[in-house]
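Below, each structure is written out as structure tokens.
Presented sequentially are two complexes of chain A, the first with chain B as partner and the second with chain C.
Coming up: the complex of A and B.
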């Protein structure tokens, strides 16, 4: 009998649903008198009147229950979506109703119950998706749909009463500046690191003694704690700016964008160079011997054989760099480099949790989108038919 | 004609190939056979300068290879190796067209040539052109590897253990195919193998190498009947020698008048096959046919005397 139950009920589904039921008891939202003080937790059934809570609660229960069956993955995915829709509905109704008569400065924030339920529903969706194992194109389409739907929810204004959106509303311009700066730091350093790292990787592949000199140095740089690295850049660039005439006019100064950018480039070099070397070495020896024996020049072997065969490994290096830099760029906020880190550190100084979230959440989402996109690219770069063979 | 003239390769003070000279006639197969470490692969790789000789020279149709740019030389010489070395990210057609593309042939010419070769190797172009190596069987991959080596109609085809990765049944078929194709195209082939059986089957000439030196170079029959050293005798294999010898001769060579009972055998079959048929069916004579018509018979007695006759040359 237990075996039969096992084949009907999904193991992870049972686990997540159980956790979800417990999470229903945790405070779903918090209500505070202003943006600084700690809020008071409100359970999910108290966030609004019964006419709003009952459908929302039912949606959550349905979403969790649909996660149980082992066989119907599409149903489980749909269930997770229903659950997430119910979360948004409860937030929407809850923020309006809790703020009613609570005073001008009152704030409603997201409670631990909400975060747990969101995480559980996303894990359920991920579990169902991984069982469906969609191809790279399908994954790209799903990602695009998820981004468009989320953007529509955010732009529709239904959540503007939440504290984090109040924080956003009062610094809209700064938010977009920070977003551009953050993207500039993460992607710009990626481009520069790739421009330096790919050729360096090719030379390291060809020259064993260069490799044994370069890789340990890059590994050492990688071990420097990020705060220290950003710190080192300040006096270093300040010295350059004062010692070399014309440097200051070119924008070389101790704090701001440039030192943060340089630190990120330095961190990026090891994954790029190491994965380039590994990628070039992925070509089977007999394949290279055949290429040499048929009269391909070294350049032709590199372009026609080694690069295409090593591309997935090299792209995997770029994926590491991109996700790492999106996270590290937060630290740039400390040395005036801008980016989402600015809000995180402002929020820490003011003990304003929702301001911290305004910096942290976009960073996490950006890293997630980048990771999924890069995974899709890595898969597309696999030479045809080698995926199965 | 390929002349290898007093060629030596020294690694760390020890000669891997030691003053080897031999001549390979056009449109023949020469099989270099030896144990691993005998220097046979190094010798082969010095012909297309994947390994640069320490001294000595190789001449192709009288022209010393040392004077040619390496890559230009290699594009004139076909190269097929164990484990085929096909490009996994290119289709069959692109793999076969690799050298013609390096030589700058135009697209139509490459297209036609690829189809020609696929037909020659009994792989219908429509079915195989657009496949990837991972979608082929081991035998098919090996055939594509040889087709690729032949694509630009090279002066010489070098093969390093080309059938080493194949299982015995497919290997026999591949050897037969190679023999047929070599006769059809008139290719000059220098082939390296550790398998004396293969060398005897394929080679018009067999060169035996031991510890970097060429110890004997001659026709398969000479190697079997007159091994120059203990080592060659050991390679030829004492017990199997008469059978190996018989496998070199065809039924037509000892055909006699008269009739015999039972299933006939083709005149192109080897005496070894004829012997096997006699023993298996318990007959003293087997009818011989040409294109399905009876032309005579072969007797057990004649096979026996033939095996003896060459075994102890006067």
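Coming up: the complex of A and C.
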């Protein structure tokens, strides 16, 4: 590519726009006779009548084309948003028109073309955003806007004809129970792990021999595959419940919430302890010497100097834990621990794709939102001169 | 023999015995077996499950290493610089996708069996290696790079003889992360009918046979710990040879 063009057209933009044009040919939606059988692909121009398809298609093309320029990142971001709006418009019109006269059990699902286009538009948006590199507050505002707009689209009911929303509609109560259970598993175990891990990290920081005993054990535990860990918790807790009087009355049983919760706490300890130690160690020795010279006690140095300076590293540990737990909590679905994993594994058993999605998509979205939020907090916790952007 | 090596020999022999002669452990697992059920998993040979499990992990990891390192080289060259910020975002955000979700989402596209497991392990395995290779290649000491240019090495020679060797410890850290996740995810792969050690655990969970759960959990756990240990040792010896910390 000659240099003149290169400075006008963005490399990633050209790449993704090209991919997007190819993805337009892939089946955008699928129409199936019921929720189990594989559907037949429908290309984007056939999902509805021309009066609905033409504006949608134009929106998609505009969104892809606006991704091309190398400068004007805000325009590229706007383009990606236009493209995503066009995707939603096409889904809305397409689901209504495809279901017309297709029978009571017929289902319309999202096709590979839709997923590719969504991924490409999101990547274009991500490319524009990473070039803009907004500060933490701006990122927080953008995240909030994205969440509010998506919630409005979901709540407005324009997409209720899609198969995944049919799956949701037939198990609304179970969905909210699963959501609470999932959040309880992920955040509850985070709180418990932090309550154990922070003090343990402080002791490990002060006592080298304790550290060299604790950290290898924790990283050994981290290595054990999740299914094995969840499985082994079951007999362990069943034994506790039968061997220790009163344990059963306290709700200690081998199956369900508790083994999953405990497994998550065990996995969470390493990032919390290791990052607490690393965070406390991050204080420059000169700073500590100065604090000592001022006559600060060890306790004062910890609270007033080391904790504030180490906070970003410790928060980064919590970010790892949170994202990891949201993902691992899916496995709880296999041992009766509830959460979104229930839908994933039910869906796998019934080969009902949209039920798998009903469990997997909220998990992915929850993990993404948590990661972005924690990244923002980590950056806000940094002392001013270290913060960039 | 050092204490660590002694421990390694014991763990390896325990693992071999568990896989090859599971019947030796029958008295140990007996108390966890419900009345009338088999104590030792006998539906498939544990050896074949182990080999297939490790095979899937190895295949996916090798493919992930090749693709991840190539991609990281591309985005750290002058021609691929435009992709660098986006690559960082993708590596950062992509790793928040739960491996189980990636596995479950691969099933609608690829059906049941080893296929979706391989693809999920491969896709998920790329990111930690990609991220670490990218970091390794973009944070090389400027003085060393200047010296490499100064002695007249071509770009290709610099990449092969200076940049990649210096980035190797970081790349290996990525590989280790990725392999450990792959072993765990392959275990869950048995819920989508992949032939892996997870089968033993799942069979135990479905029939309330705790001895199966323990047996499968122990074997797969020992494999994971040993492989993690081996890769850590490899990394340490390479760091030592390169003289970097």
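The working rule: the second predicted complex is superposed on the first by the 386 of 389 C-alpha atoms of A that agree within 3 Å, B and C clash if a C-alpha of one lies under 4 Å from a C-alpha of the other, contacts with A are read in each partner's own complex, and residues count from 1 in each chain.
Note that contacts are C-beta pairs under 8 Å (C-beta built on N, C-alpha and C of every residue); 3 or more make two chains touch, one makes a residue touch a chain.
A quick note: this is a predicted structure, and the numbers were derived from the prediction, not measured.
*Asks:* Tell me the contact category for A:118 with respect to chain B and chain C: first, second, both or neither.
*Replies:* neither
*Asks:* If you stack the two complexes on chain A, which partner ends up touching A:326: first (chain B), second (chain C), both, or neither?
*Replies:* In the superposed model, A:326 contacts chain C only, not chain B.
*Asks:* If we overlay the two complexes on their shared chain A, which of chain B and chain C does A:220 touch? Say first, second, both or neither.
*Replies:* second
*Asks:* Identify the partner contact of A:130: answer first if only chain B is touched, second if only chain C is, both if each is, neither if none is.
*Replies:* It touches chain C, and chain B stays clear.
*Asks:* Quick one: is A:153 in contact with chain B, with chain C, with both, or with neither? Answer first, second, both or neither.
*Replies:* neither
*Asks:* In the superposed arrangement, does A:359 touch chain B (first), chain C (second), both or neither?
*Replies:* In the superposition, A:359 touches chain C alone.
*Asks:* Specify the partner with more touching residues on chain A, choosing between chain B and chain C.
*Replies:* C
*Asks:* Check whether A:10 is in contact with chain B, with chain C, with both or with neither, and answer first, second, both or neither.
*Replies:* A:10 sits against chain C, while chain B stays out of touch.
*Asks:* A:295 in the overlay: touching chain B, chain C, both, or neither? Say first, second, both or neither.
*Replies:* first
*Asks:* Pick one for A:179: touches chain B only (first), chain C only (second), both, or neither.
*Replies:* neither
*Asks:* Which positions of chain A sit in both the chain B and the chain C interface?
*Replies:* Chain A residues touching both partners: none found.
*Asks:* Help me check something: in the complex, which residues belonging to chain A touch chain B?
*Replies:* 284, 286-297, 300, 304-305, 308-309, 383-386, 388-389
*Asks:* Which residues, counting only chain C, touch chain A once they are in their complex?
*Replies:* Residues of chain C touching chain A: 32, 80, 82-83, 85-86, 88-90, 92-93, 95-101, 104-105, 107-109, 180, 183-184, 187-188, 191-192, 198, 201-202, 204-205, 210, 213-214, 216-218, 220-221, 224-225, 228.
*Asks:* If we count contacts the way the header does, which residues on chain B are in touch with chain A in the complex?
*Replies:* My answer: residues 48, 50, 70-75, 79, 81-89, 98-99, 102, 132-135, 145, 148-149, 158.
*Asks:* Report the residues of chain A in contact with chain C in the complex, numbered from low to high.
*Replies:* Counting only chain A, the residues touching chain C are 10-12, 15, 70, 112, 123, 126-127, 129-131, 133, 220, 223-229, 231-232, 234-235, 238, 323, 326-328, 330-331, 334-335, 341, 344-345, 347-348, 353, 356-357, 359-360, 363-364, 367-368, 370-372, 375.
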